[in-house]
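Two complexes, one shared chain (subunit A), two partners (subunit B, subunit C).
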Partner chain A sequence: MLTRKSCLWVTLALLAFLVLSLPVGAEEKIIKIGSLYPMTGRPGIYGLDSVDAAEMAIDEINSKGGVNGYKIQLINTDSKAKPDYSVMVAKRYITQDKVNFLFGVVSSAVGLAVTEVSKQHKKIFIGTDHASTQLTTDKLQPYYFRVSNNTFQSMAAGAKYLKELQKTKPWVTIAYIGPDYAYGHDQWNELKYNLDRFGVKYKAVGEYWPKLFAPDYTAFISTIINEKPDILVAGFWGGDTVAFIKQAQPYGLFSKTLYFSPDGGGNYELMAAMGADLPEGLVLSGRHHNNWPDTELNREYVNKFFKRTGRYPTYAAEGAYTGVYAIAEAVKKVGNPDDTEALVKAFEGMKIKLPEDPEGFTSYIDPKSHQIVQEQAIGVTEPNDKFPPAKLMLGKWKVYKAEDLLPPADYIEQLKKK
Partner chain B sequence: MKTPEAIKEFGFWSLFFLIFGLAPILDNSEYHLMLATHILIWGMFAVAFNMLFGVTGMLSFGQALYYGVGAYSVGLLVRGFGDTWFLPSIIVGLLVAVAVSVLLGLLVIRVSGVYFTVLTLAFGQLAWQVTLKWYHFTGGDDGIQSIIPPGLLGNNRVYYWFTLALVALSILALKRLVNSPLGLTLRCIRQNPERVRFLGRRVRRNELRVYVVSSFFAALAGCLMAGADNSIHPDMFYWTTSGEVILMAVIGGIGQFFGPFIGAAVIIIIQDYVGARTEYWSLIIGLIMMTMVLLFPQGLVGEIRSLRTRLVSGERNRS
Partner chain C sequence: MDPSFILMQFLSGLMMATLLFLVASGLTLIFGVGNVFNFAHGSFYMIGAYLAFQVVSSCHANFWLSVLAAALGAGALGMFAEATFLRRIYGRSQEGGFQILLTYSFILIIDDLVKLIWGTEYKSLQRPEGFKGAVNFFGLTIPSYNLAIIGIGILVVVVAWLILSRTRPGRIARAAALDREMLGSLGINVPLTMTLVFGIATAMGGFAGALAAPLRSVSPGAGIEVIIDSLIVVVIGGMGNFWGAWLGALILGEVNAFAIATAPDWASLFSYLVMALTLIFKPEGIFSSRRVRKV
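Coming up: the complex of A and B.
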């Protein structure tokens, strides 16, 4: 048994570990980015990929001499996907670590809490991977910018896809399942709004709201099977998508109903986790695809990431990669990372060529909504083993124009009134 | 001559005012100010919780319910009627917490031991589920943001002094309660409820009293936290919040009145320090917890006290 003396040693060893792990500060011109990503649990892979991709972008920029003599530095803290903890860390970044930018965040609930800190401290927050439309509409504040698409853009593309689908495969009934928070609710409201806007006739037969990271979906699956909707729209992301599909497959859900998940459902994480078990014919999309668009820039980005980490990137990675380049671009324009108001102006309307841009299109940040505007591609799962361990990837792409997917002014007004 | 208890109390308050009174004047860091605010609020929450657990022997696993009630009263009223409602909403929050704790208290104190614990846990989780599912009223999993205290209180420094004053008064009130005849009855209930009954004291009524008092201060902690963080989230109702406050009490020492406060400070500092340096924060915190629980079962304050006793008796033996 441990004696009191040995426990003293354990405590001392722990303290020594903590003290030794203190970072050693260096005095040079740096652009400090404070990121918050979940590094553990179901959303963990989003955090790991985001940090790896952000560091990849930083290495690329720093190896070319940095930006205006500034080197970029990233500090990351596990957000635990918890809003209250993330608020504390964001405040520490600003007041203690003196970061120039807040960065990252996967869960929209954390995003909503952190944007509040950014607003109060007038510190720019670059959102790389949370999609709730509220952040760039009714909850928009001057210091927030998002470099990945929001749910409205995905759902507008989704509604267009469903409209076209009705011509080839007549469908009537539609049901929705998604996590019970802003991200999940926004998707369903926006899909219905867009279906109405594009004049699609449909009948909504059910909506189901499991909690984010719920371990078991079987009760929902049985109800959905009884309802027999033609289309099941899923608003899951991350491990939730994998868990739901794994649990629903034995019930034969996918042979009876078309599974449709146009925002976060088509993440490479799903293909990698399910391998050959992934059903064919699911209609999915994501914020970046490893096999679309087939451009030099995208191929190069995916290969570099693979060489660096030994795995192919999930879409979260590209958001973080974009965020770092956007910051570099803004600092280059302004000349320093400290003039917040000038940086805000630099981000507004910024054009930036990204791996996910198809030929002939360049992403840009809408100056009014601070939302990046991008093309959307929706695909169908089909055999493709070029990105192991995935055995199926998305294909049969349908691409939707960026300008057609932005929320109309009356929709934003409607949100603000709420 | 002063009793050791009085010396200890004097020691705590001198340290308390020395650290929390001088720190913001000597240290300019906004971040440390926020940490100190968190320690004060959690510290009060833990001391209030320990009134149930350490003093009366009732292990409630549902104090998060009242913490959440306080926070959501402030959040909902400020969102609905504007920030001028901040101070009145604290009073509303406290009244709601008292009303709820009387109603639930009448149910939960009918049982004791593990049944009491499970029942409090069940009600806590129920409140959490309701908050989570009532998306259109509570904001569900998004929580509520932009809870800014009005006027001068909007300044972090002023808010800190406001919190410090309320927390100091609350702990003082709780300390007086422990030293009062009611406090004595509560300690007797912990040791032998049957005997208390034979002595002509009502066990249930006193248990209800302390349950309401503890819940009142848990709600106050929630109200203050809403203003400190400017945003709230349903996780404030979740069992992990109740669990955290139990850990704080255990680490600090449940047998000591001020123990849980010290426990809260230690946990918040460790969490922050470790979380900032490694993503294996949970492992480190787990190890520290394990070391504490296995080797220092009396908690930090309890162990320091027994160490002192041993040293003193050692000296006496030598002389």
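Coming up: the complex of A and C.
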């Protein structure tokens, strides 16, 4: 006779047998993506949003039966935003976890390190949210693709904006403040290059290099106030933008000088963190906007993300979302996730309709530079409480054509020589 | 440079110095009295900022009350950490190494706790009522909250001086810095003294974090950002020297402010230069006289 206890054991054993035998029995075909996103410290929100958005895309695709019978699976490891550590994880992904794609990365320093691993192991690396132009110009390798725009594209759009502005509000002097590492320096150099290219006359009156994540900008602010530039270009991102704006506001900086931050300065996290304290009239942009373009696809994407997580996405999320769809598209074309060379061909020139594409435009991956080509919109902060906790959002959009924003050949040559 | 700009830049430096001092004072106090180098001091600063945010947003409390609550909360957490963990390693051989490892682990634990409780989004606190605008004088515009912080810094220096030199607890703290064994044999409860001093030091960290919250972004990892500059301050002023910390902060703040105004490309170099020169020529700190080496 079965006692109660042995009954329990038998049930447990049966259950265990069932669970263990499931994957074996089903022989599921899997596309494995190994991602590296920072989950801690100041960039943590970028990592968290990216992973949530990538999983959202994966659930959408898998629930419709996957791609050619393959289900997509994501494994993420905290990159700690450290290049050497990320290289170690990327190698482990390739040799032990047998991933089909390397994926992610917020910091350009990590991106530049991981692209070397991708090159060595001939494993495709999809870059979703790091902006250094180098990755798709002088440091480009055959197995790297980027699905979000780089700083050159933002700065080319920025230079066009400033050129138009001169017609309505004649400005002459311009100063720059940005974090003292490659990302900060690239933006300033690229903006000046593009201003010159478009024949804009200006006078650069100062450049300031606080450390990344510096807590205090007071002394920079009083110096800039004293200099009274017409335009202050800021290369900050994330918490640095928040801290700088909070500290500069009571000094009246924004009434005397136009604050201009066309790459990462207009990320939603700024609007969410500052609420009603955010000044009106700042000119900003980012890699994706929750309220531009006003298309069905973008509204749907933003609402789905909100339903899933209870918060509105920062721009990092859309990069990751795009990356997963790009992979699905490539695998669909090739038929399997293992034929690397065929996949590379499939990514080159791929057209992909994204939440950030305005009506009548479809993003595509430039076959030569492996860089996604997208329209850029620059906006101005104005009251809008449709995306709480934000009380202001960007508006009065100016949109720039994708083809006009790519780095010209002579610029890439110049980078290669360096 | 025109004089009004010099004044403005001086005030910028003073404001930075005051916040630096408020963080560094706790660090140097616990080093002076307890000979503990609390690597996690910045984490108590961060906890203070989050606690102030929580109190303001969930109780709609007055900002200044939230600063008080943040200091008390950070102090309580500090006393818990001291009584439960740090106390066990006092007097071990190579205690210094253990201190660094143990307090470093506090950083990681507190960072993760903060992430679990408050998430990774940036939090922001408004400046308190009455301090949202700016004060105009001599054609300068100075945010009134900055002036308030400078005033609070001076108040803290005076109050701390009164407590340390004129009261019995202050004398006990100074005695603990000099000879803990002797203090014990005089009937003072030394372990309790240590816990209390650690609590006061971490409360000052939390106090500084809460005061800085309306100016900075509150996010995980915020502690790391302030610990390095505080360390420079403590080294310049002399490890464990309370007044030294104030003067060290003042030097660092002003050197930084005027370096930014005159040679922005090299601005961050100067603060490290001051520290390096101090370490080479006067390693006990610029303001240490041998007689009052600690506190």
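Just so it is clear, the second predicted complex is superposed on the first by the 391 of 418 C-alpha atoms of A that agree within 3 Å, B and C clash if a C-alpha of one lies under 4 Å from a C-alpha of the other, contacts with A are read in each partner's own complex, and residues count from 1 in each chain.
As a working rule, a contact is a pair of C-beta atoms (placed from the backbone, for glycine too) under 8 Å apart; a residue touches a chain by one contact, two chains touch by 3 or more.
Just so it is clear, the model here is predicted, and its values are computed rather than measured.
Looking at the shared chain after the overlay, A:D180 reaches both subunit B and subunit C. Once chain A of one complex is fitted onto chain A of the other, the partner contacts of A:E116 are limited to subunit B, with no touch recorded for subunit C. In the superposed pair of complexes, A:R92 makes contact with subunit B only, with no contact to subunit C.
Once the two complexes are laid over each other on the shared chain, residue contacts for A:T40 go to subunit B and to subunit C alike.
In the superposed model, A:K211 lies in contact with both subunit B and subunit C. Contact with neither subunit B nor subunit C is seen for A:A409 once the two complexes are overlaid on the shared chain.
Legend: residue contacts after superposition of the two complexes on their common chain; A:G238 is shown touching subunit C, with no touch to subunit B. Residues 39-40, 180, 209, 211 of subunit A contact both subunit B in one complex and subunit C in the other.
Of all residues in subunit A, only 39-42, 44-45, 47-48, 180, 206-209, 211, 213-216, 218-223, 225-226, 238-240, 242-243, 246-247, 250-252, 269, 272-275, 277, 311 touch subunit C in the complex they form. Subunit B makes touch with subunit A in their complex at residues 29-32, 34, 38, 132-133, 135, 140-143, 145-146, 148, 229-233, 235-236, 272-279, 281-282, 284, 287-288, 291, 294-296.
Of all residues in subunit A, those touching subunit B in their complex are 2, 4, 7, 10-11, 14, 17-18, 21-23, 39-40, 77-78, 82-85, 87-89, 91-92, 94-96, 108-109, 112-113, 115-117, 120, 132, 139, 179-182, 185, 209, 211-212.
Subunit C meets subunit A in the complex at residues 5, 8-9, 11-13, 15-16, 19, 111-112, 115, 119-124, 126-127, 132-134, 141-146, 212, 214-217, 219-222, 224-226, 256-257, 260-261, 264-265, 267-268.
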